[in-house]
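Below is one structure, written out as structure tokens; the observations come after it.
Naming follows writing order (A, B, C and D), and every chain is counted from residue 1.
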Amino acid sequence: MSNSFGKAFRITTWGESHGDAVGVVIDGCPPGLPINLEDIQRELDRRRPGQSEISTQRKEGDKAEILSGVFEGLSLGTPISISVWNTDAKGKDYEHMKSVYRPSHADYTYQAKYGIRNWKGGGRASARETIGRVAAGAIAKKFLLAEYGTEIVAFVKRISHIESNIGHEEITLEGIESNMARCPDQDAAVAMIEAVKTARKNGDSLGGVVEAFATNVPVGIGEPVFDKLDADLAKAMLSLPACKGFEVGSGFDGTYSTGSQHNDPFYMSEGTVRTKTNNSGGIQGGISNGESIILRAAFKPTATIMSSQDTVDVFGNDVELQGRGRHDPCVLPRAVPIVESMFALVLCDHVIRHRGQTGK
Amino acid sequence: MSNSFGKAFRITTWGESHGDAVGVVIDGCPPGLPINLEDIQRELDRRRPGQSEISTQRKEGDKAEILSGVFEGLSLGTPISISVWNTDAKGKDYEHMKSVYRPSHADYTYQAKYGIRNWKGGGRASARETIGRVAAGAIAKKFLLAEYGTEIVAFVKRISHIESNIGHEEITLEGIESNMARCPDQDAAVAMIEAVKTARKNGDSLGGVVEAFATNVPVGIGEPVFDKLDADLAKAMLSLPACKGFEVGSGFDGTYSTGSQHNDPFYMSEGTVRTKTNNSGGIQGGISNGESIILRAAFKPTATIMSSQDTVDVFGNDVELQGRGRHDPCVLPRAVPIVESMFALVLCDHVIRHRGQTGK
Amino acid sequence: MSNSFGKAFRITTWGESHGDAVGVVIDGCPPGLPINLEDIQRELDRRRPGQSEISTQRKEGDKAEILSGVFEGLSLGTPISISVWNTDAKGKDYEHMKSVYRPSHADYTYQAKYGIRNWKGGGRASARETIGRVAAGAIAKKFLLAEYGTEIVAFVKRISHIESNIGHEEITLEGIESNMARCPDQDAAVAMIEAVKTARKNGDSLGGVVEAFATNVPVGIGEPVFDKLDADLAKAMLSLPACKGFEVGSGFDGTYSTGSQHNDPFYMSEGTVRTKTNNSGGIQGGISNGESIILRAAFKPTATIMSSQDTVDVFGNDVELQGRGRHDPCVLPRAVPIVESMFALVLCDHVIRHRGQTGK
Amino acid sequence: MSNSFGKAFRITTWGESHGDAVGVVIDGCPPGLPINLEDIQRELDRRRPGQSEISTQRKEGDKAEILSGVFEGLSLGTPISISVWNTDAKGKDYEHMKSVYRPSHADYTYQAKYGIRNWKGGGRASARETIGRVAAGAIAKKFLLAEYGTEIVAFVKRISHIESNIGHEEITLEGIESNMARCPDQDAAVAMIEAVKTARKNGDSLGGVVEAFATNVPVGIGEPVFDKLDADLAKAMLSLPACKGFEVGSGFDGTYSTGSQHNDPFYMSEGTVRTKTNNSGGIQGGISNGESIILRAAFKPTATIMSSQDTVDVFGNDVELQGRGRHDPCVLPRAVPIVESMFALVLCDHVIRHRGQTGK
């Protein structure tokens, strides 16, 4: 086990992809926060399947219910339980995979670990598990905005070789949401959508990179030496299905530069300490410095493809697997609200911990 | 706070760079494990300053003392306390930085967070803190090898633009340790050493990438959905000073391929499920699949440089800072045993958790 | 917050007394355990209101639903989510208490802590929260019995001055369940029931003591020095509504004896180390020694009474409160399955941790 | 394992009774708190052996060293490492017990759990482990007093049948410290001392009860439903060697009263909500209500006695054990500062958590 994330603002997710329902319990939400279903539903709608031509065609309304922790529109400080019923689960679609391990999925490792698995649609390893994270993330975002003015924006930075070339200052939520690719660079978006459609036509899939940044993050957030802000963000991202890499600030590219090029000089601006560049990505020594926090997460091409693949079955035979079922040819667009949510959950956890220890 | 890492095999590190001592308490080490000081000292010697021409010239013997938890050469199952005295602390060297924030260091963020900081040599943010991690990692490695035959090897994959080009099957500990750069590709090593010396001559610094792999990892290790093995490895790496990025398996590069190229086909080999390729890096769905676990960590160029830099002081003035003191022009070679240690700590924590939950 | 309990077998409960539902998420249940709804429902039925003349008359079926973590009758090793809908919530009954703090309830402290409270029926502080504990406890009991043959029995030891006088060796589940008081001493049970009825007639309430013991507990369970088995049991009991005291083994009475009277002499019995007496209550140094684990928990008289009481309102006025609504004149009989559940949860958590650390 | 206690103000203790040293790492101490060695040493002196005629004659100076986390007299917000060297360890005294399990000690259970034990003086199960708790408690007390004016007082309430009869309002630290028994009722103290001396003369030992209370505790402290303030206090006390029971407020005695007698009526006093009686012991629903928090902990008679006892050896033989070595004929007086420390640690942890979640 560990199906909980966070220490002070702690979420616990539950549910299998083709079970009865999926959900989350949020423990540690500060009391008195206005919470309504619409805020949560809006984010779930950004994540849900069937939302566009280039996402899986599984039809789920993903309607959230808040079962506890909210009273007369305000959080009580008690656990908030949110659940979503699975309505379009088609276990049948997976019947043929009951005894076959899909390559680069978690079928084999779950079976090896637990000696049992729910073979319908990946069970717990399905991205459907992230519904709880997104619901909780919606609340975390609301708290951060209300309390600190902190805003978090994620977008598709790259799909395969097609990259967004537009500065953070020009990026708006509307620009991102205006196309199926969730790419703020509209030209790149067109090319991305085309590429995904082609991949699907070929029974194949694509990967890419989501970038995210947070503005108005209070200075001083992050708990060295192990719960550094970037360390927790890294864990948050790598806990997502299909995520294979994480960077903060200059990331891997920064390793090609020299210290004199890479260091971010400080300067005073209206009484505030600022940096001229932001290779640090808003975090120094694991603690926020007040600049935008910038991260990137790499997502591999979807493991589910529609072509024939070599694999083995549960009886130890080499077999051939023919792809079937509904799937996303590219997870990037739907990953955007999920990345935002995990980002928000980490920040929320850390601001609460910070004010606990320092009284600020 | 959080100065503890791990849930079942849990370490707590303490100590400032120029305080009296640094150390670690290890809680959860299985009983009956043979532990001797030499195993620990060997790893500390690989980490310690002054070990070569291209590392900092601070002279520390870094002699470890085991104060508890070991009895007649065996672990007791009780906390193992290890400490190392600081003997060559030269707080004086930092006197001039008492009131100045060094760019891309943690001086400013610590001050902002806590309202106080030990300004001598970075205090808690110094890489000296990792001594405790390496001491604990030595014990974790020993446990993994004794119990599962698991071995972990890290090496310098790249410094600036100079890359090691040698396959894992050819890499040996001896090859890595045979040169100051800790690069198993001896030609690349020569070039790396040259590059670091040049950077130092210029008062500058370099970054790069450490790669690490673990062999003979039991199948089934990792705790979805949040404590996925790769998620905890990501956190472990990003918790290291100067680390800006993490990858597992194909990482960022893998996002350029398609699903049909990227998927790792399963096949049977002598009754065991294996994969033909290893883009997954030995982890699927956050759980080990028995293949080598492969990761990479990006380290930025050292923030301490010997040239003049713009910055601010604690009184809110723009000032110029001239570099002084002892430092590493490139942290990569010394990062190798640290990366290995964190890798071992994560695996050790997870095998214990796995056998707890499953009884295997 | 903390609405989670346990480290390796971890439960998270949620839900307000008069909200939509209450429930629990169990994280860390070992895979492959047979789980059926009947096992859970049986325990919930022992806990539910309206079960007898001497319990509250609130009518709740307390029907459990398992929403995840179980597949084809077996646990998956993934989180088990169980929920129970509130069907007889009568928020109206509490309307008159919206602005009045009931003496010795948690109304005032919740309001003071959170600045808000669900004033309907005590919200989260209601014993209704324990439904999730009992559902989880049913699973924990099943695991302990299946894996180790461990059995846990709780019973009403005392109500007010009426005490059960019957040895553990004579106590059976049937004997306990055969009367409304859940007291295995049938004569005492009659007197207890009479006393409770009289208290109710007087608009008053009674307290008492639940005793519990576990047999066939494996030797070696418990994690010193802080998570001693008795320390975690103490916390488990004191986390229950109305619990004011805890004892293990000889408890408070044992403090009147001398060491020579109190020590439990060891002896060998068929190759096993046993003790002649059991003042230790089956635990020495925080670790089980193989003897029965014995504990007692003290429950105060129910705070809800039907007579007039002095108190204050939320506006800061001294007022008089007249009791109304449905309530238990004595919580002891319904506390029995709850104590058993907490007992089971602690043992389950500890056996998993123990086999993790020691591989046994 | 678990050698850590607390979530936000977290201590980790280490060290065996006859190892090289014992100590503690405190993680989460708020920054900027004045800390000096004297504050810590004063408390250690109250705990240390050899302090009076009725304590063990082991001679330990118990001199504390602060190795990290304090800079120029103020806490840094980083881990505070404190260690105490063992100087009068006489492992030899225990040679004869190497292969014999002392009755009602933890020798057998440690051996059974870990398959190995440090048989010198009880190793980790020795009360010597509490040195770290007391050192950390001294800092916790300082924080509570400085930040909230909270004061904690513990005293010997009863030894065997001799009870202190003096109200809290008359109790002073001076009164408690003025006699070897740490009993504020001077007449009772004389009788207690006499009783302990007699017990020692007889080679026997006595048990008793420590009572403690905290004043000026902020309203709203405690984290339902599992980390209720009294639940964490119960765990804290039961984690102490020899502790067999815990009560808060009216405790076990309160179970004999009726609800109408037991409820604490609220009233307004100078704009503050107060209770007329304090059967709740300052805690309602697991949250502090501003009244004094009152608890009692039961300590069994010391297991080490000087008379002959039946037991078994590690080879499985029934043997007779003759008592030897230095020991306390009654742990109560030395338990006083330990109980205070655990009390302070719990409160400190909870005020930090509370201000984290609520921002107050």
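Convention: contacts are C-beta pairs under 8 Å (C-beta built on N, C-alpha and C of every residue); 3 or more make two chains touch, one makes a residue touch a chain.
None of these values were measured; they are calculated from a predicted model.
Touch-path distance (fewest steps) from chain A to chain D is 1.
The chain pair with the larger count of C-beta pairs in contact, out of B-D and B-C, is B-D.
As for how the two copies chain A and chain B face one another, over half of their interface residue numbers coincide. The most distant chain from chain A is D, comparing centres defined as mean Cα coordinates. Note: centroid distance chain A to chain B, computed from Cα atoms, is 26 Å. Between chain B and chain D the centroid-to-centroid distance comes to 39 Å (mean Cα coordinates, whole Å).
Averaging Cα coordinates per chain places chain B and chain C 46 Å apart.
Each of the following residues of chain B touches two or more other chains: 1-4, 7-8, 13, 28, 31, 77-78, 113-115, 124, 224, 354, 357-358. Viewed as a contact network, the protein chains are fully connected, with every chain touching every other.
Residues 7-8, 28, 30-31, 77-78, 147, 224, 352-359 of chain D are the ones that touch chain A when the two sit in their complex. Considering their complex, residues 1-4, 8, 10, 12-16, 19-23, 25, 27-29, 31-32, 65, 67-69, 71, 74, 76-81, 83, 113-118, 123-124 of chain B touch chain D.
For chain A in complex with chain B, the residues that touch the partner chain are 1-5, 7, 13, 101, 103-106, 108-110, 112-115, 124-125, 129, 158, 160-161, 199, 203-209, 219-228, 230-239, 241, 244-252, 254-268, 271, 273, 275-276, 279-281, 283-290, 298-305, 307, 309-312, 316-318, 354, 357-358.
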